[in-house]
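Below: a set of structures, written as structure tokens.
First subunit A sits with subunit B, and in the next complex the same chain sits with subunit C.
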Partner chain A sequence: MPSLGADMEAGTVLEWRVQPGDTVHRGDIVAVVDTEKSTIEVEVFEDGVVEELLAAPGDELPVGAPLARIAAAPAAPAPDRRPARAPAGTPRRKHAEAKPARTGTPRRTRPAARRSPAEAARSRAAPRAPRPPGAAPVRASPLARRRAAERHVDLADIAGSGPGGAVVAADLDRAPSDGERAPGTPSEAAEPGTPAAADEEREDRQAAMRHAIGALMARSAREIPHYHLATTIDLSAALTWLTAANERRSVAERLLPGALLLKATARAAIEVPAVNGFWVDDAFQAAPAVHLGVAVALRGGGLIAPALHDADRLTLDELMSALRDLVGRARAGRLRSSEMSDPTLTVTNLGEQGVEEVHGVIYAPQVALVGFGRVTDQPWASQGMLGVRPTVRATLAADHRVSDGLVGARFLNALDHLLQSPEDL
Partner chain B sequence: MTTTYREAMRAALRDALVRDDRVFLMGEDVGRYGGCFAVSLGLLDEFGPERVRDTPLSESGFVGAGIGAALGGMRPIVEVMTVNFSMLALDQIVNNAATLLHMSGGQFNVPVVIRMTTGAGRQLAAQHSHSLEAWYAHVPGIRVVAPATLDDARGMLWTAVCDPDPVIVFEHGSLYNTSGELADDAGPTDLDRAAIRRPGTDLTLIAYGGTLGKALDAAEALTADGIDAEVVDLRTLRPLDTATFVESVTRTHRAVVVDEGWRTGSLSAEISAQITENAFYDLDAPVARVCSVEVPMPYARHLEEAALPQVPDIVAAAKELGG
Partner chain C sequence: MNADETRTLLARLLRGIAPEVDLDTVDPGAPLQEEAELDSMDFLNLVNALYDETGIEIPERDYPRIATVEGFVGYVSALSTTA
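Here is the complex of A and B:
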């Protein structure tokens, strides 16, 4: 069971995408795992042949527990040779090797006491019904699909009463969304497998996610000596360039200011590596690449910060398209395991919410968090003249065990500097 | 006053003949015999042989003469006995009436009205019973209407006569004997809009001409199952009033199209496509169609009944959509 985030302690296997005997390659999606935050597609980090699946759909396993055994490629032709050859290791182990920064993260199993027996029983008795691989997609009417998306309801959880068993809008009405549930409904009243039970599971997940975010943030606030810096950055050059650049692009390909901010952040992190990496075993380990964790608010509530891989090396168009894809999949609950575990520096942009500046809490074991507020027109003195410029408040929350304010200031200065030459981004 | 569809149509003809000297009626047996379906009974005596003219048995000839008269400034109303026979006049209608305005660069319009009986249900067998409205509704340059109510039987003709371009009026043979109340001052009606004949919330039944009554009966039957069906009467088959039925389906999320034409390539296919194009994300079930069985219309009563869309078929299709 891979660690799909520092706050993850256990995961539930939803489905296998491979069977014993299948040949797999690094990067293939082998399983789907349900965590407190999201449904994650687990990638394999080995080339090889699946020998044995050690967990069945519905099993909840602590982080680090083996999920399957993979023999090194090429496949052993005769089964009797198998004991003689050392197993190539579980995805988790390889994962740990590839990401030394994470080896020291404590991996405790989830204390049973934290869940009520009823909760535990329910989750065992009624695992979210996984769709077997290759199964037909859920049959649902266009209207039902639209309503389900609006209400954040998973159609797979709904029993269909329409033509051919299709889910129709009325079936959704019988399964009210989280927000519409009357408070205080006794949860034990729901029978497993009914829409109400599915609904309850979603509510469970909401609660679990809040709990997980809370636990990690409490740890961050308790253990990380934060320091906060802020600066106002003149975006007139960046936005002027962006407007001109977008004139050549179709609506679907247009760059958003957020893409420039992300790219500049990634490049600034290359210039000031002390903000990019992990605090592990009382020491800082700089990350070899910049994988920006992009904070995405989920529609049903909660937060997830999957990785935008190698953000410093993507072109702006690539970054924009990767961002759209990532946000879409994050909201659809279809992230990949590497995206969950890889972020080296988190960026949170609350500008769309009208916030002027963000004083963030670092996502441990990362060592810094960059925040952006909204772009506002401000009076701006430049070369002895007063003008009105579009500006953004950029903030840095950084770990004092790793860096000092001077380093943080260099990072924000680098960010500012980069945004003054958008054509070079 | 209580009247029949036949009498309402006759009143409309009389009204048109009285209102405009340029109007005349011609067709097979429309004069001395009073019309094959007795629609023009008495009009010969009233208006004389110049204005109510019997023609030879040549659809191509007298429809072409009607088109020529229209080009010459008259306002002819041409009766073709059944849509099956109108095949003989297709060249005149499709190649001349529908195209001349376009091909003359807008110089010559063709203000002809062509009435024809359509549909089955009277044991007239395969050469008199087909519903080929969709063939005409396919052709740009002509307007196609299907009066299904007494009001429209009384009101559509004068509006059609006033139309500067060709209008084809389809009168379903099973409607002539239907009776009901018609206001004494009933007058012209529009040829543009579909009409909601029965408001409902759960399902839209879309029908026209001879199937409207069946759709209304089906809607009534569906109330027993707690299904509140809306019934849309298309009225005009070309150009289709897409906005009205799409708006209805947007509210009810389900549609059953009832069409006496054969399913393949039918008006119901066009309507289904338009619903899918315009209301896809409001659909809660696939669009259903109730059409005639794809056979030449049988003569035997029980076979003819089996071949036609019937109320229980509509009810079953509606219930199949669930909700």
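Here is the complex of A and C:
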């Protein structure tokens, strides 16, 4: 079970897209997993042949538990059996390498998905107790698990009304707590598939997402010594260029100002690498690429920040098209695992909501967060003249363990500078 | 398209972008982006969907004229009857 974001503790397998015997290649989608925040398509990080699926649809597994065994392609030499390994550069946590106990298999096994720095940091912060051996897993929504723990109710005693008989939070509300169990209590369950059940599921999802965001942000606020900087950037050059560029473009090719801001942010992160990477095992790991986490507000509440991969290397047109695709899939609940685990620096653009600036909380284990506010016309003095210019407040929240205000200021200055030459972005 | 047909079209396009919004409850004179909580990406997708359905391409400089339901219906139905 890959970590699909630092706030994820467990995931539920919804569907397999491969079967034993199938040949898979790096990047193929092998499974669909449900988390507190979204439904995610899980990509495989190795080439090979699927040997065995270790989880069935409906199973909920902690992050780090194996989903499947993948053997190296048959043509490859078969070395001595070795422990599943993390890719180079990724810190390993022994306790989370929950390999299946299996003997006599001559081929080496590999985890179906790599461990990301986000995952390593998360599992370090909150080591999980292993499931007692022999205990049959009970299907339950994350919210139901939390409520059950709070009320000291054993999930195995609850009749589930969710998909596949899974226990949902509403089932717990009908269940007596703390030893006054009455197995014959008539159920007033909303029938699955009715509008009431759909509403319940939506509320469940929203409560689960709020919990996931809250848990991660509480940890960030507790552990990361934030510092905050802000500057006002003149956007007249960028917006004039954009208006002219869009005049020549068809509707489908039009650029949004947000694409320019993202591109400039990614380029500035190349110039000031101390904002781009992870804090893992008491040290900063600079990221080798810039994968911008783009904060997307979801309809009905909640927030998700999937990665726009290699944002610094995309042309503006490529970036815009990738952004449209990413936002569309984020809202439709069809993100991929690499998009959830990869962001190296997150950008939040709250200008659409009308605020002028945002003082963000960093998404641990990332080390900085860039915020943009609303574009507003402001009086602007330039070369001894006073004029009115469209401006934006750009802010940086950064981790003092990694950088100081001087470095952060250099980042915001680079951002400003890049936005003055939009034709070069 | 007359005004009613344009309004029906807008309701359909909007369902693809903001399924929970009921056009009947939207104040026709108020900014649609605020009423339906559309961000700039949603609005671009709306303009794009209109183009895909009707071939009508609204230039960016005319965005303020289609910012309300009233404005959208008036602008699009006028264009499609003269075309």
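Quick note on the criterion: the second predicted complex is superposed on the first by the 302 of 425 C-alpha atoms of A that agree within 3 Å, B and C clash if a C-alpha of one lies under 4 Å from a C-alpha of the other, contacts with A are read in each partner's own complex, and residues count from 1 in each chain.
Here is the rule we go by: contacts are C-beta pairs under 8 Å (C-beta built on N, C-alpha and C of every residue); 3 or more make two chains touch, one makes a residue touch a chain.
Note that the coordinates shown come from a computational prediction; the quantities given were computed from them, not determined experimentally.
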### Query
Looking at the overlay, does A:Gly258 come into contact with subunit B only (first), subunit C only (second), both, or neither?
second
### Task
Give the label of whichever partner, subunit B or subunit C, reaches more residues of subunit A.
C
### Message
Between subunit B and subunit C, whom does A:Arg324 touch in the aligned arrangement: first, second, both, or neither?
### Response
second
### Query
So, A:Asn246: does it touch subunit B (first), subunit C (second), both, or neither?
second
### Message
With both complexes superposed on chain A, which partner does A:Gly301 reach: first (subunit B), second (subunit C), both or neither?
### Response
neither
### Message
By the touch definition at the top of the document, which applies to A:Pro66: first (subunit B), second (subunit C), both, or neither?
### Response
neither
### Message
In the overlaid three-chain picture, which partner chain does A:Pro273 touch, first (subunit B) or second (subunit C), both, or neither?
### Response
neither
### Query
Do subunit B and subunit C touch any of the same residues on subunit A, and if so, which?
none
### Task
In the complex, go through subunit B and note every residue touching subunit A.
253, 280-286, 320-323
### Task
Using the touch definition up top, name the residues of subunit A that touch subunit C in the complex.
243, 246-247, 250-252, 254, 256-258, 297, 299-300, 323-324, 327-328, 352
#### Entry: Complex interface listing, subunit C residues touching subunit A
18-20, 37, 39-41, 44-45, 47-48, 51, 57-61
### Summary
The subunit A residues in contact with subunit B across the complex are 141-144, 146, 161-163, 166, 168-170
